[in-house]
Each structure stands twice: as C-alpha cells, then as structure tokens.
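Labels run A, B and C following the written order; every chain starts at residue 1.
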C-alpha cells in the first residue's frame, strides 16, 4: 500500500513536470513554470480547450513511455507538445461547439499517433541532425481533417475552401490599433487562442524562459503581418494574428534557439520570418483547394530549410540540435 | 540446337518460378505454389485481368534482368509484383471494358517503369534499411491515371472525384452477413478482385505460406472495416472490401513479416491496421479532389513508418529487411 | 582610389563570367560564350524578359557570395541559373504585360530565395551524391504563384486551371511543318522563349559547348512531342514546344552529361525523355486542379530518378556529380 503509493506519487509528479515542459516546448521554451502559465492562459480563454490540450498532452507523453522512447526526450517534454497541439486544433476546427465530449476520443488517439510519427521521423531525420519539431502535429491534424471531412456526422468541422488571398484592395478600412494588436495575437495563435490577454500571458511565459526568444517572437509576428499586408490577405487573417504566427515561430527558432546570437543571425531570423509567412500564404491558398488548412507547415518547413543550410556564413552559427531540445 | 534449347528452357522455367514468386509477393508471401494458386484465383474472376497481370509481371521482371538488377532480388520475385499490380489496376480502372487490347501497351510500359522506380528508390531508402515495398506500383498507377485523365480517347478510365466519406448516417440498412463477407473480400481486394471465391482461394494461398500471416490478414481486414464504419464511409466501400485491404496489408507486415511474433507485436499490428485504414480514408478523400484514387498508399506509408520507429519496445522486435524479402 | 577600382573591376568582370556561365548552366552547358549567345537570343525575343532574367541571375549569385556558399560552385555559375529561371518564368506567367517594373521586386527576392533553397537541398541530397539541379527554381516559382494567386492586385498572373489533356481527337488539323518546328521550339522553351530564331540561337550555343548535348536536346524534344501526341494533349502545347522541353532536358542530362556515351546510354536517354514527358503531362493535369503549372518538375524528377538508379548495367556508366557541374 504505502510503498506503492510512494512509487506512484513521484510518477504522477514527474508526469506533471514532463507535461508542463511539453506545454512550454510548443513555443520553444523548456520550463515547467512557463508551461503552467501558458496552461492558465489557455484556461482563461476556454477551459474546454485547456482540457482537450491536456488530454492530448498526457496521451502522447504516456504513449512515449509505453512504446519505450528515449527517456531524456520524455523528461524534457519532447513527446507532449505535438499531441497537445493536435488536440487544441481539433477543438478549434470542430464545428460541434465546446464540451462536445466525443472529441476527447480523436484527441487522445491523435496524441498517441503523434508519438509514433515522432519516433519514426526522428530516425529519418538523423542523417541531417534535424529536429522532428512540429512535423507530427502538422501531419496528424491534416490527416484527421481529411479523414473526417466537413460533413462527418460524428466529428464535423469547419470548411477550409476559402483561400487566404483577397480579391480587391481596400486599405481605407485598415485600423492601425488592430494591426498593432495583431502582433501579440500572432504569438497567441501558436496555441490557437484569439484572446489578447491570453496572448500577453503567453508572452510573459516566454519572457520568463528567455527575453531574447520573446523579442524574436514579437518581431517575427510583426514581419508576418507585414508579409500578409504585402500580398493583400483577408483582414480577418491579419487582425486575428493568423498571418503572424508562422513568422513568429520561424523568427524564434533562428534568432533565439538554434543559432548563436549575432547581427548575422538577427538579419537571418528576419529573413526566416518573411519566408515562413510567404510560405504559409502559398500553402494556405493551395491547400484550400483540397479543403485543408496550412497549420504551421510554413514555419516548420522554413525552419527545417534554415537548419540544413550549408552556406558557411550562416551554418557556422548553428547550435547542434542534440544540445538543444526540439 | 540442343545445347541452345537446354540453355533456353531452364531460363523459361526460372522466369516462371520468379514470376510465380512475384505473384505471391504482392501479399507478402514468397512461394511459387501460393503464386500459382493466386493466379488461378484471378483467372477465375476474370481471365482478362489474369492476362493483364501476367503481362505486367513479365514486363517488369524482364526489365530487371535487362538493366542488371541484383539477381537475388530477381529470383525472389521482388521485381515482379509492382508491375503486376500496376497492370491489374489499369484493367480495373479502365472504362473500356474487358479484352481492350490497347491496354496491354501501358500495362507493359508501366511494368517496366516500376522496375526503374524500384531500382532508384532502393538506393534512396538504403540509409534507413527500408524495403521499396509497393511504392513503385502506387506511384506509377497514379501517374498513369493523371497522365491519361478520365476523358482520354485511347485509355479512358473511371472518375475518382467521389469522396469516400458519406454525408448521412443510415445504419438501419447495415447487413451483418455482408459485413462479415467484407473481411475475406478485403484480402481479395489486394489483387483487385471482388469475387468471394477468389478471395478465399487467395487466403488459402497465404495460409500455405504462413498461417500466422493469414490470421493477420483477416484481423487487419476486419479492423479496416471497423475503421470504415467509425467514420461512416460509403456502404459500397465497406461491402466490397475496399475499406479492409489497407488494414490487412498493414497488419500482415507488422504481425507476420517484419517483426518477431509476441504479444507486443500483435497489439502493434492491430494499431498498424487502424492507422493504415484511417490514412487510406484521409488520402482517398483528399486525392478525390484532384481526381485520383488512394490505391494502397495508406498501408504503404504506415508500414514504412512502423519500420523506421526508433522506440525501443517496438524496434527491438524488428527483423532486418535484408533477411526478409519485400 | 586606383587600387580600389582595380580591386573593384575584376570583381565585376568575375561576376560577369559567373553569370554568363550561370545562363548556360540552365541548358546544362558551362561556358560563358554560350551564356552570352543565349542572353542575346532572349533579348531578341523580349528585352524585358532578358532584363528580368539578368536581375534574377545577379540576385541569386550575389546572395550566394553574401551567405558564403562554396566558391567553386559560385564560379561555375551553379547559383545563378535557378534565380534566372524563376525571374524569367515570373515574367512569362505575369498578366501585367511587359515593363511592369514592380515585378523586379519578386524577381530579386525569388532569386535570393533560390540560393537559400539550393544551399539547404545540397546537404539533404548529399548522401546520394545527387545534384540540386533545378529543384529550387521549380519550388520557388510554384510558391510565388500559389502565394500571389491569379487575382492578386499587385502581381496578377495567368490561370493554370486548364488541364493539358484534350477531350476529343482531331488529327486532321495536325500540321507536319508546325510539328517539326516544335522540336527546336521545345529547346527554346527551356528559357521560356517562343521565338523560332531565339530557339535556334540557343541550339547554336549548346552546339558550341558540346555537339552531343545538342543532338540529345533535339532528340529529347522530338520524343516529348511524340509523347504529347500519344496522349492527345492540346495543339497549343504541341506547337509551342511546351510538350518537348521536359523531354529535351531529360534526354540531355542522361545522354550528354551525367553518363558516359555508349549505345546503352543512348537508349537510356530516350527512355528518360519519354518518362520526363509523360511525367510532365501527369503533373500538369494534376497541378492544374490546384491552379499551378508543372514547370520542369517532370524532367527534374526523372533525372533525379535516373541518377539514383542502382541497376548495374546503367549505373556503371554514371559520371560522379562532383566531376561535373549541375
């Protein structure tokens, strides 16, 4: 009895730490305190989304324990964040409304599948020392959406056939305050939250882990909004921060995580933010034709490209992945 | 004269053995007797299909001999099965009816191209010790369909713009007997046959090679039918076994071929069957938007994922490909 | 003053040589004289296109210098040709007419992005000793088109939703002279020029570098036209040489660049031309459904397949890439 409970309690506490680290890993931090803050920010916006996210997180972390993934990866939360994102996005894309309990089933299964996909991709990427990053999330959410389709009677979701590109210029209605708000909102969109207060709390969580990462998040989100303006995307995309979050992720990885800080790296991170954002727009327009969203493919592919660059002036700043987390 | 014919006859006999092994390799067996049985099963359903399949089989095997592929691979039938599948599916998808002679031309060319593709992919996959499996078939058949299109005057084929997902629930019409029949039919669909007797004969051929493989084929097909039910696919897909064949292939490779048998492997093979089936549904829905079928991409990609898994509790059971055939 | 200008002038001259080599690299030659001839051929057709191409060329070459790419690659023009092609195709696809100055902006940015992409892909392809070839061009031009879309107010371009496949047979209108003209025009289409005299000048430029390469260009273009006829593509595609240019590229690389000349290689290059052309038609039909053109993906993928072939009768003729350029 007692020995068992002693054995059992630490595992629960350990799992809690791994999971909170996993929450913060989504935004490239690795810190349980940041993770707890972010979970609060999500619960502030929608408790249902926070619950869904937690289920995905636990499901993928436990799957990693069961199939015997590397324990160092598990303890740093590497196997939680993909599952969490899949569950969060399933909730956001669902048109069945909040507290639709059946959604917990695909959330858990999707989370578990992420771990399998992570495990396989890790070996595929090994020859190039590339991180698995959010490839599993991006793949599994697209498969879920393609599998169920917008008319599924159990798991209905919104339609994505609307392209991001707009058809007519209409700059007179552009509101500068809304555009400025879009910058922090872009960071919040990484966790699919549309609330300004939640987004600011997430920024605080990032700042706690690394102020430099936080600055790059804001710069990247601003660059993404600018890129969106330059090809005239819909105002909804601009004002909800959807145009910014890919830029933020691209900028953060290059400027604050995988490369040593320098002026070159800084310029390079801005280039990465632009490329992430344009790639996101291109993929959104194309995937809309088959009824799918672009998720964070834009930043994921850009980051992967930046990490395999062989150009000596840039690659000399790269920090090897094995020292670094995601 | 006589020396020549002596030289010549063995080659014909050898080619026959390689080809029959190739026929059985489609369903992961490696046994000329199983191959002969399966060819009979196909001829029972449609002699034209059997002829087409044989032409594809011979064409890809001979191309392998001519371009100088590894002889161990040729003798085990590795270069026949992709060509055979391409030819069979060209026949099934063609809307020109049986005995449309012109179809032999793309069947032979498609078979030959499969061998080129096999040869290239084998080197690409080498760093991960992955088998080429049915990647060539899946690629070449999609290219053929995309190249000709549904309105081609020489090689017309059916339209694939209809998604697999159904729009309304209608479980009252579900017939249990038909659902039970769908399980063996799913195994038959691996060879694109829709006849119950042919499917049963194919199961006998698999049983002759390995009873364990046969059980996994049935379990996988059942799992696939279940997965189809869970996302409400069209009844035609369910009852013709189309929902089951990807599950069957996924289950067979994991449970009976590439991993040592154990309880873990058994559970793992069921997970693979579910993943294969859901992936197949997702790909079917998405590819339908560009007018293409999903063929066996679902199981092929799932199997590839399962074989690159680095998770220690699963990968420890893996049997290296070089010892094993496909 | 003087020392500076001495230092400065050679760099300009060097850049000129690298760029002219880059121009000729598009068509697999590596010779500044051929490059100058080709640039003249382009200016003959359209001075605006020649200017656009030059901007893309300079932009990508200078980016390579700035980010510190391998200098041997830069001096042989490896970093110019992708940027040039992106800029040329942006011009051809633009529906804003000639001398639309804003187009210089995406042309320069696209050229610079090509260099990043080249740098990353080079490391990805290293395990298989594969050249980066025109992968960057093909990727960046598709992203540009997907990103802007046909209705963009700043950068409008033509629609690509029309499939290449034709719906009815109408051979009576086939004009043999036009078909014969299509063969050299197919070589011109590599540089997106539709003028017969420009195409002939480009052929002269190729002949100057290597007569064998020139013959394979013509054979490949003829094979591509034949392949187009066999699946009944639109007459416009046939007569403008669009059906031929993928075949020409596939045939040139196999027959005149990456494999030692022999009868086997010659037959092999014709097979490559057929495969390139059919792949181009398949991709054109499929990509048209999402509103994108197939560019030179057909030949690029075919060439890559041919270079990874492990079949001993073919791979024994392969010349390692490191000795050879693109």
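One rule holds in what follows: a residue touches a chain if its C-beta (ideal position, glycine included) is under 8 Å from a C-beta of that chain, and two chains touch if they have at least 3 such contacts.
Bear in mind the structure is a predicted one, so any value in this text is a computation, not a measurement.
Peer 1: Roughly how far apart in rotation are chain A and chain C when fitted on CA atoms, stated in degrees to the nearest 5?
Peer 2: 120
Peer 1: Give a one-word verdict, same or different, on whether chain B and chain C use largely identical residue numbers at their interface, taking over half shared as same.
Peer 2: different
Peer 1: Rounded to the nearest whole Å, what is the centre-to-centre distance of chain B and chain C, using the mean of the C-alpha atoms as each centre?
Peer 2: So the centre of chain B lies 37 Å away from the centre of chain C.
Peer 1: Please list all residues of chain C that touch 2 or more other chains.
Peer 2: 127, 289-290
Peer 1: Would you pull the chain C residues touching chain B in the complex into a rising list?
Peer 2: Going through chain C, the ones touching chain B are 127-128, 163, 165, 167-169, 230-232, 271, 275, 278-279, 281-283, 285-286, 289-290, 304-306, 308-314.
Peer 1: Give the list of chain C residues in touch with chain A in this complex.
Peer 2: 64, 66-70, 113, 115-117, 119-124, 127, 142-144, 146-149, 151-155, 289-292
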